[in-house]
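Notes follow once the structure below has been shown.
Order as written gives the chain letters A, B, C, D and E; numbering starts at 1 within each chain.
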Amino acid sequence: MTIQTTQAPETGVAIANSLTAGRLPKSAPWTILVAAIAVSAAVFAVVSFGSGSGYNWGGALFVGALLYIPAIWLFSTLVEGRRRAMDRLVTALVTGAFLLAMIPLVSLGITVVTLGAARFDADFFSMSMRNVTGEGGGIVHAIVGTLLMTGAAAVISIPIGLMTSIYLVEYGRGRLARGVTFLVDVMTGIPSIVAGLFAYSLFAIFLGPGTRTGIAGAVALSLLMIPVVVRSSEEMLRLVPNELREAAFALGVPKWLTIVKVVLPTSIAGITTGVMLSIARVIGETAPLLIAAGFTASVNYNLFDGRMQSLPVFVYTQYANQGNPPQAYLDRAWAAALTLILIVMALNLIARLVARFFAPKFGR
Amino acid sequence: ASNEGGAAPSESASTLSGNLVGAGASSQDAAQQSWIAGFQTANPDVTVDYDPSGSGAGRETFLEGASNFAGSDRAFKDEELAAGGFKKCAADSTIVELPLYISPIAVIFNVEGVDSLDLDAATVAGIFAGTITNWNDPAIAATNPDATLPDLAITPVHRSDDSGTTENFTEYLGAAAADVWTWEADGVWPLEGGEAAQGTSGLVDAVSNGNGTIGYADASRAGDLGTVSIKVGDEFVPYSPEAAAAIVDHSPFAEGRAEGDLAIDIDRTSEEAGVYPIVLVSYLIACGQYEDPANVDLVKGYLSYIASPEGQDTAAADAGSAPISDSLREKITAAIDSIK
Amino acid sequence: MSKRIEVRDLNVYYSKFLAVEGVNLAIEPRSVTAFIGPSGCGKSTFLRTLNRMHEVIPGARVEGEVLIDGNNLYDPDVDPVLVRRQVGMVFQRPNPFPTMSIKENVLAGVKLNNKRISKSDAEELVEKSLRGANLWNEVKDRLDRPGSGLSGGQQQRLCIARAIAVSPEVILMDEPCSALDPISTLAIEDLIEDLKQQYTIVIVTHNMQQASRVSDKTAFFNIAGTGKPGNLIEYDDTTTIFSNPSVQATEDYVSGRFG
Amino acid sequence: MSKRIEVRDLNVYYSKFLAVEGVNLAIEPRSVTAFIGPSGCGKSTFLRTLNRMHEVIPGARVEGEVLIDGNNLYDPDVDPVLVRRQVGMVFQRPNPFPTMSIKENVLAGVKLNNKRISKSDAEELVEKSLRGANLWNEVKDRLDRPGSGLSGGQQQRLCIARAIAVSPEVILMDEPCSALDPISTLAIEDLIEDLKQQYTIVIVTHNMQQASRVSDKTAFFNIAGTGKPGNLIEYDDTTTIFSNPSVQATEDYVSGRFG
Amino acid sequence: MTSAPAPIKAKLRIGDLVFSRSAVFAGSMILVTLAAVAVFLIVQSIPAVVATTEDASILKTNFWDYVGPLVFGTVWAAALALLVALPISIGIALFISHYAPRRLASVLGYVVDLLAAVPSVVFGLWGIGVFAPALVDAYAWLNEYLGWIPLFSGTPSATGRTILTAALVLAVMVLPIMTAICREVFLQTPVLHEEAALALGATRWEMIRTAVLPFGRSGIISASVLGLGRALGETMAVAMVLSASPVITFQLLTSVNPNTIAANIALSFPEAYGLNVNVLIATGLILFVVTFAVNAFARWIVSRRKEFSGAN
């Protein structure tokens, strides 16, 4: 049998197995990576020797990894051809993108954990800042405030957001839908501080000037939260194949039940992710809460009366208005930041478990 | 929370109870927190909240009648007083402005091997105006013969936010070095460009993280950074609470104010020995007469506590402020007593 | 339990495109009617108008009347949901619910409508429906596994089981056997034979043999050319259509049959 | 241009589930081989192993060897991309790219290999491929419309056009005609006849008549019961399988044929 | 045929009615809320727009001169942030959906989501304390060797707190939300289409290009819009990290950087009084308008090829 050359130029090379023609060996990427890092390390060594400064390990690794990308592309182009090379290049880039994003994450993580650990003690989670100056004190009041206000914001935003996205995907046609879509987009652009001002002014109308309450803070947060919920849920609902809706309709299922029992469960994972993102988005807001919910050192369980402290405001004020000794304030700030992150992580984890429970039962 | 609740079987015979709300200058925040702690401990049934939302916001809030008292890095201006409209106060009431928080502003810098410098107002102004750009500039060397000044670019750092600290600092520069510093006193840094940082903390961070940086900040936050002794008369005065209190004592009260309105015109050019001219005076502002008498006792109680030696000392300990002098305290106490 | 369907002057549009034009047709209760015709001539489109499923497609609309036992489906106050509960449908492409197990899929018509059903009734219904769709033996051990893990043919039979589980009065089937092997096809055809005792059945098929085997009447649709609307060319007893059609086009089409 | 395929002791697993067991088979170049068997017996699964498409399914893996012209497809350093470029595939469910126009769909594979195809070449290729798939007349006026706006059968023919446009050496077809009307089916069968002059073709079908019409050899797969793996029962010349099979099960299956 | 002849004529379905009404209601709520916000902004802004330096001490000349550099800074910082974040987040999303081993993928997704858990104040603290100082050397290097490019010219900042740093911090902040949406959309790509591409002999990248990316296009745009919205409106982190002045400059590495609207409000609001407050709120209105324009543009892109959208 004659091996004929096909129009694909890479295939015709006469090697034992024509299907392996012109492939880099499996180990090639690693070899190239190691080589790239070695080259970079050597260059850094020369530079550091020349300038007398300390050896920069991070820089050497980073530049080495950077070097790998063109290197693998070059080798692959030479040996495997353009298409394979492109594939390898994209693989390297995509992996690189992920690793790149890990840099700030790891850096942030290390910073927050090491600096936050100093005050991660029992007092911190059993005390408020009432009558505390200098060292000591805790963040019970801020945790309570954050949970209550974020919770209230979620209670307001998730139904509205979800129903709006359902409206947009399932019901909306014509002008109103287009208007809503557009306005939701515009809503994403409300600066958080303006949301705070608006909520503050709104409640000033009803409750008298100058009232700062948890609920005003929650309303400000909802303003920021709703567009994120709508946008992400809308995207997820649109991905539900029409076939499934048709299947349900054909069984004589009313539209609303189809949405509740078929469309929502199918997209639940994505929606949960979106909702979690929206919560994460607002739970860390400082500016609007400073304006709408005020500042207090005491615990307040009542959303509708009195000022409420929140973790981000606490972090911010501890950092911005340091007293004596400053370190005590900084320690509290970082420990509160760590707490906030842990709270969001925990919420995220719970949401994922919930989502997994309802998620479509197919692969991936 | 374990520290909450006034039910502690305290021996205090306090009869005060209720909720007191203030808002204003964030410069006072640390001091306010320690005053609040002290006052609440003595009066377990009282809750005082202070929003460190900023002087402007504090004054607006007070105007709207949304707070019982305000903290502000400057007194109300004459025209603002004339416009009136303080919602919490009785119709024809004046307001009480008390200079209860006095804090020196330190000029801080970060230059390796230099802990302190002696500078005159013109040099400081030159540095911040960008006419003196290197640490080995002869103008600096002239007053610091012993310091080893590096050949290093000066990076002056100013506040990016609108702040009382900036206003006081630029007021000092304008008064004491009028030839070099031709801008008006303003809470917003008047020059374009330059390194800017948000808040005292941001500025301190920027100065400590940079190299060859210089800035100005509440003295309590100077930490390990190098600080400047300012030339007053013929000597160089380092910042200190006493020196800061002294300049206030040597300054006149603003004219044409109502009784109890103790706004001070700080004499930045004073040549008096032992005064430190770069200070921030922050006021506590209350009504001369409240529309609703319910809050009067609370306000008076709280302000009296702040003005007391005990109150001034806790603030000095917790916030690094300068305790007011006894002579000033007398006038303030009289003003507090006049509140109805 | 079965219904008579009468179609009068029906036009179906996709937005501005006229897909099916001027259909007049009467389908007798307790009979099987087959729709045949070349691809793209509008069989599916027309079928969907019989239970208003076309309304799901944006822009699709209808002119004319469809009477089910004399009630016009397109009367303004008719509830499409109730129509669909009486007129069930099986699609060309199998579409089991991915979030549901095999069992839940079969019970979907019941469960999704929030009807309560006792556990034993449910199990009975599941078995009956799956047996009816000739799927019971293959899946009885994995009723709680996801429906999307089945082979194409298995999925289609699952959809048939799901449709018959709600016992509609008319069943529309859009090429239900195109993904099935001969044995399953035979089983479905037997099932159609059974169902016909009680229900009215309409089936779209490309398989002439199937049409001639299962149907009582056959409707032949054709299309004059691209962009032209589909038309009902001839509608008659199946034997007539396959042995002695009155229109030449029908004869051409059915005689091109093979196998 | 065509290739000989030899399969040795092939087992296919979905994670732990053994779906197809111990297949041995040799497919001659320039021939048409048909796979028949009941639904769920693993025809599609096995077919996908011939161009390593099973690897796309998470958990699916293979034991054994598939030799194409003597080269083992499963050698560790074989590039599945090269394999698939030589072994094209048409799926059971039509899957045109919804984001592309009809024309772009046809050219999708070609564009990958050869970015700079001249406009006239491209148009020629589009026409040739669409004609080959018997779709040209229906779509020639709307080549720039989205491929997803076609009827099921039209979509399937579009996918066939897309597959033949890259002129692979082996073409695997998984029930390519199940969604087609008889005319299109006939056209595809004619196409297969044509392609056979140059290519090796493997086709899965449920249509016995189709198998007997188009294929040179036929492989019958069966499954002993649920959860059991599918097996290759008999593999022989098509005429032998349909007239005189050596295994009883084969006879049972093909004689259950109808129409 | 014994059953009632016309059960087909139906009551209006309560469930449907309630559900669709509440959906419409929710949609209208957004209209109402936004109208309220707009009214609030406009009413508060009117006195500011016509104000001069006499009325509002914050203004040097008039409102438009004040807001100009801020608009520039806002758009510039957000654009830079998006420029960095978009390719990276698409990359990460692809990595998680199509490259990483399946077991690892969900864990990795979670790890990236963690970034969303970081409050903006903490980004600010980290930006000042860790990130900006770490960039000083890199900026000096860029300035020395690439200073001939106008973007990198000027005197590099001694503290690293430049607009580029702020944009990078913003990029990190918008990454999780963009990544999450892209990832979910990519994961939903129909397997049929991926298989279609692979069967044509596409490499993984080509499969992604032909099947995944076109399918996810509207999702990618949604993600960008959300990311951009966040970047345009982010307040605290920018306020804390950026060394800002009222200037317009394209230089990325100097101490002199344009400010953003949101950060400027945060910086000036605490000390604002009288008409200055209105001026600041008016800048908020301008930000609103900017976002409006950006989104209109994005929507227009999506709608251009609507019929080719994958999902329906």
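By our rule, contacts are C-beta pairs under 8 Å (C-beta built on N, C-alpha and C of every residue); 3 or more make two chains touch, one makes a residue touch a chain.
Keep in mind the model is a prediction, meaning the values are calculated, not measured.
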Chains touching both subunit A and subunit D: C, E
Most distant chain from subunit D by Cα centroid: B
Geometric centre distance via CA averages, subunit D-subunit B, whole Å: 83
Length of the line joining the C-alpha centres of subunit A and subunit C, rounded to whole Å: 46
Centroid spacing, where centroids are CA-atom means, of subunit A and subunit E in whole angstrom: 12
Per-residue overlap in subunit A, given as positions that touch at least 2 other chains: 8, 83-84, 87, 241-242, 254-255, 257, 291, 319, 364
Residue numbers of subunit C (touch at least two other chains): 58, 81-83, 86, 93
Two or more partner chains touched - positions in subunit B: 26, 53, 199, 202
Sites on subunit D touched by subunit C in the complex: 37-40, 44, 92-93, 137-142, 150-154, 157, 175, 178-186, 206-210, 213, 226-227, 253, 256-259
Touching residues (chain side subunit B, partner subunit A) in the complex: 1-4, 19, 21, 23, 26-27, 29-31, 33-34, 36-37, 40-41, 47, 49-53, 61, 64-67, 87, 199-202, 220-221, 223, 314, 317-320
Of all residues in subunit D, those that touch subunit A in their complex: 1, 4, 57-59, 68-69, 71-73, 75-79, 81-83, 85-86, 112-114, 167, 169
Complex contact set, residues of subunit A against subunit B: 126-134, 137-138, 140-141, 204, 208-212, 290-291, 294-299, 306-307, 317, 319-324, 326, 329
For the subunit D and subunit E complex, residues of the former touching the latter: 51, 53, 56, 58, 81-82, 84-86, 88-89, 91, 93, 95-101, 108-109, 112-113, 146, 149, 159, 162-163, 166, 168
